[in-house]
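Worksheet for the structure shown next.
Labels run A, B, C and D following the written order; every chain starts at residue 1.
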């Protein structure tokens, strides 16, 4: 989608996240907002809590990263609506992530009044670690 | 995935389809094979059989188109293995397709020995009609 | 969901289908409506058009059957709203269906004002052929 | 699937989890193993780390719970194979979970040599919080 306008910056998304989701501070950072894309990087990829046998970033942590990138993408397009909720997520795990930071690139496919559909790639776009479809439900204006 | 090699051409895919899937003749045609992508066009998009109330291409026909594009993509990469089977398909329906031809663009995300993961967009990539994840299981060489 | 009330019978669903989806006549029939479940049987499972190499019911036909069962389930609960549309379908193909009739059992998991989420099993519930999640969007009353 | 045999008990699953996934200790516990089902309860459902705005268990925590229940189900059926990996997860979020413990019920739909397909319900089966399809890839015997 080319004609989308982002109404929140990376710094504003980070501030919102710090206010509402203290637990992600120091774990993920927003590295890009623009052109219908938001990119979020997992900086703490090697913490014990996010690993699984074999030394790789765990599946649940990859799902959290994909969901967060989609959430920030939706917020960047509709403004600070913390009560937006995921209604559906489908993810294919394809390759073991290498140790170190892992980045998610979320792209908007449809921005409707009530539903936003996002496409998220984790890792190198030419050899992705995982690929997710994420749908967010946007509350009506009088419920925000 | 940049370094993939297609081993079947559009004409070879069409011939295979005619031999094994007589029912799709005159319904879909392969318009592109290359660079890790295959594109398949639904030429018969306005046939009564593939419509639903409102005059648009039906969901099942969109799913058949997405599945066929992914199948041809896999065959183009591994050769004529008709017994490859879909193991999973997840599709988001996002916009009503306009009357007329509808095209699916299938892109390879992972080509393993046993599983191939494909990403399929239907319609205009900037405002897609639908988006599908499709996984194919590739039979081992001695079962082909 | 135990406290759901079905407002359309199998015969009414069949009549609606004949009026709006002439193409499914003689292909599928509704065998059960009640208790939050609708079952639809593919009667024409061996027609050439619905088969694939190996002599089994094709994936697209299985998807059509799952989608139809979910659609009829939603209609049975909200009444004759032909413009209800599928927003998402995710299906795992698990076993080759045996030749002969194939039945889908669709069960309601959530019936909201705008979204209905259905769970669909194809074939023997103890060894299912396929399993699908299907989400339908229900148009607001003034758009019906 | 009625004729499945579980080869690990709840206590053995817990011990394996403690050895390989120290981070889940005190967070989840296995409450049932049998009849093709495994149930896992999130005991720490109200910890700050797993909540989101509105005071409910976060989506990522629900996904972790669904994935863990499916993983334990697969291990209970094939034995202690820590390197089994999720290949796909699709989840519908349907209702806000109430405060307090949240339980996942994972059921086996297909147990093949290489892929296991699980169906997972979170919360009250009659009004589920979420519903997931989870596919695990089982490594061949010489890679365990």
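The rule we apply is simple: a residue touches a chain if its C-beta (ideal position, glycine included) is under 8 Å from a C-beta of that chain, and two chains touch if they have at least 3 such contacts.
On a predicted model such as this, the values are computed, not experimentally measured, just so you know.
Novice: Could you classify the chain B-chain C contact as same or different, where same means more than half of all interface residue numbers appear on both copies?
Specialist: same
Novice: From the mean C-alpha coordinate of chain A to that of chain C, what's the distance rounded to whole Å?
Specialist: 33
Novice: Roughly how many whole angstrom separate the Cα centroids of chain B and chain C?
Specialist: About 23 Å, centre to centre.
Novice: Find the geometric centre of each of chain A and chain B from their Cα atoms only, then give the gap between the two centres in Å, rounded to an integer.
Specialist: One centre to the other, that is 28 Å.
Novice: Among the residues of chain A, pick out those that touch two or more other chains and give their numbers.
Specialist: 87-88, 90, 92, 135
Novice: Considering only which chains touch which, how would you classify the arrangement: line, ring, star, complete or other?
Specialist: It is complete, because no pair of chains fails to touch.
Novice: Quick check on the complex: what are the chain B residues that touch chain D?
Specialist: The contact residues of chain B facing chain D are 87-88, 90, 114-115, 135.
Novice: Write out the stretch or stretches of chain C touching chain D in their complex.
Specialist: The contact residues of chain C facing chain D are 1-2, 90, 92, 94-95, 109-110, 117, 119, 126-128, 131, 133, 135.
Novice: Can you name the residues of chain A that touch chain D in the complex?
Specialist: 20-23, 48-49, 52-54, 59-60, 63-64, 67-68, 82-83, 85-93
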